[in-house]
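Below, subunit A partners subunit B and then partners subunit C, in two separate complexes.
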Partner chain A sequence: MNTVLKILSEIRPEFDFSTSEDFIADGMLDSLDVVTLVSAIDKHYRISIAGTEIVPENFSSTAMIAALIHRNGGRL
Partner chain B sequence: MPMQPPTSIVEVRQQIARIKAGGTEFITNFFLDDAAIEQAIRAGTLLFAFNDDAVVMVRRGALFDRVYFADGNRASLSRTLASVPLAPDGCLISDLIGTAAETAPVIDQFVSAGFSRFTEFRSMYRANSCNVDVERRAMAEAALEEDAEQIWSYISGYFDPYSEHIPDQQEVLTAVKARTVLVTRNGGSVSAILWYDRKGASSILRYWLVLPQFRGRGLGKQLMARYFNDCADVRSFRLWVQSSNCRAMRLYQHYGYVLASRTDYILKRT
Partner chain C sequence: MILRFRGKKISSLVTVVPQHETRFEDELGNFNFSREKSLRLKRVMGFDRHRTVTGTTCASDLCLTGVRHLVSTGALDLDEIGALVFVTQSPDHFIPPTSNLLQGRIGLGRDVFCMDINQGCAGFVIGLIQSFMLLELGPIRTVLLLNGDTLSRRACQRDRNIYPMIGDAGSVAVISNDSAGLPITAFLQMDGSRCEALTVPAGGFRMPSDASTSIEIDVGDGNYRSKDQFYMDGPAVFSFVQTEVPPMIDAVLSAAGKSRDEIEYFLFHQPNKFMLEKLASAMHIDPARMPNNVVENYGNASSVTIPTNIALNLASSVTARTIPTCMAGFGVGLTLSALVMDLGPMTRCDLVEHQDVRQAVGVS
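And now, the complex of A and B:
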């Protein structure tokens, strides 16, 4: 989970992601950030997140992102 | 490669998902939301072409056609881009956001397909916790509906139509009604404009313009002060500034913005 937070903070350094329960609703991640995040997660966890899973709700919290990584074969 | 209109938003998303699944270095600049895609499909202004490795989409516009792409491994992006037809007297515009290292190989593909670098914008952000003194008594005010036409006229007259996403009049009116367009006045006329968008705890500054004859009077400062006051609960402020506009960059830094690593490269084919 710390790795996910580290990746998020590299994409949007101005935010403290540990204080939000919904990154999308809070305006902390936009669609561009999501694509950047997918690329970073793919590289870091050596997985390929399915294109059909690139929807905002899968990136709304660290728990949702962790579940997404797990579904796509990544080990946290 | 013939371009064709997609039958549905699902078809567009499925093609992009297919490209991502088949490649190891997925990259895209297709960030339209579903409502915008549906609107373009209904209007018949969205066309796309695809092969095994890349999808290229074109959104027809009055002044230029905007090119989007999704690419899996750079194997054939250049060829796919080169197949996009150019309208008579028209041009193609595309943009690519990322760090210089991330975007360089893709920009090379665009250049091979006949595009040239048109301009570029740097991303800046400002955390609300930064300690920058702004005036508390701002003279700026929210624009009125009757200002909308004048605001549109100034924005379309002073900003570059190829790279700055000029809004249509309806979009201006919507923003004015949302009270996210701030103005200062000289008599009955608008003398300076600041337009921002807001989502949750984040805000993006879209346009900040002081008409030339009113510069040097602190109007821009008043707008910025009002902006920060109106968005006191916002945690992150963002904007894009033209890389060559060092004066603007210094001004934003004065207000606490710092440069981010991202650059938006605007590419053009005529």
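And now, the complex of A and C:
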């Protein structure tokens, strides 16, 4: 989970992701941030998140992102 | 819908790009985002260089350069042409059809059937399908298929979602009958209920352009655009492509009776590097068989990315031998198109530059 938070803070260093319950609703990630995040996750965990799973709700919290990584074969 | 053809070929192909090239780094100052953030996006999306027209150069000008090139190299005999199909979202005017203008500028005969098709990223395959249908009509033995767009002229330079990926280009494909040609299988679907995902809202009769529609405003995500400019709902388009394209490829391959292994190259429309990488991954296609370098070198020129792909990556092989391919286009409409077809050997397959100078009337 700390790794996910670290990746998020590299993409949007101006936000504290540990205080938000919904990154999308709180305006902390836009669609191109999500693209950058997926690329970083793919590279770090050596996976390829399925394109059909790249939808806003899967990036709303660290728990949702962690579940996404797990579903796509990544080990947290 | 599945369509089947037999005995058709692309005899020659030329892609024309504007000479004017811009680098993404040189445009960073236009965007309302930090340099670091934009550069991260560059790596993921494949933004690097793109070719755009200057001044009032039109898509038809780029295509005319292509026609001249094919005539001057002996790959095109204008007397053989029975139809001219121009696929574009960048017409010269509302009235008359740009295909008619091109007929006059090229100097084609009055028996040539001219047709404009308003299509975007699916437009090369749709243009091929239309050309094949025209070739079924007896008197027409050769179709000149022109694809062209200059959407940089409709994109806001302060819109980082759109402008860095846009490229302008034109292409000319000579389509003719081929008695030895193998079966061709096409897939076509439209979903007009989602057409607002890609649109230029103003400028037509539904929302005429006026002073208010030309004002570029902050649309809330740091990007600027006006109602006269190109809008894309990125997440909706991404979801459409990732959800709909893999089943389309399965369907067209199944209808053609071919496996993925029998296809040498998957020549897909290239919206951006990330989207195509995700498609290749989802379909378990080796990226080497799905070239993905058009956006980084020239930009996304809508229906011209597939011809650019062929001219950029396959020119030497497609002029020497036959290549089993699966082409796919997807985008505005929303439209899905795919074609399982052998390409080559072509007489010519070139990529040339256009100088932004108003073309003289005529071909010679």
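Heads up, the rule we're going with is that the second predicted complex is superposed on the first by the 76 of 76 C-alpha atoms of A that agree within 3 Å, B and C clash if a C-alpha of one lies under 4 Å from a C-alpha of the other, contacts with A are read in each partner's own complex, and residues count from 1 in each chain.
Assume a contact is a pair of C-beta atoms (placed from the backbone, for glycine too) under 8 Å apart; a residue touches a chain by one contact, two chains touch by 3 or more.
Keep in mind the model is a prediction, meaning the values are calculated, not measured.
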item: First (subunit B), second (subunit C), both or neither touched by A:26; value: first
item: Subunit A: partner with more touched residues, subunit B or subunit C; value: B
item: Which superposed partner A:15 touches (first subunit B, second subunit C, both, neither); value: first
item: A:66 touches, of subunit B and subunit C: first, second, both or neither?; value: neither
item: Contacts of A:35 with subunit B and subunit C, given as first, second, both or neither; value: both
item: Touched partner set for A:51, first subunit B, second subunit C, both or neither; value: both
item: Subunit A positions touched by subunit B in one structure and by subunit C in the second; value: 30-32, 35-36, 38-39, 48, 50-52, 54
item: Contacting residues of subunit C [partner subunit A, same complex]; value: 37, 40-41, 43-45, 160-161, 221-222, 234-235, 238-239, 241-243, 274-275, 278-279, 281-282
item: Complex contacts: residues of subunit B adjacent to subunit A; value: 13-14, 16-21, 24, 26-28, 31, 33, 97-98, 125-127, 198-203, 235-236, 260
item: Residues on subunit A engaged by subunit B in the complex (per definition of touch); value: 12-15, 20, 24-28, 30-32, 35-36, 38-39, 42, 48-52, 54
item: Residue numbers on subunit A that touch subunit C, as the complex places them; value: 11, 30-32, 35-36, 38-39, 48, 50-52, 54-56
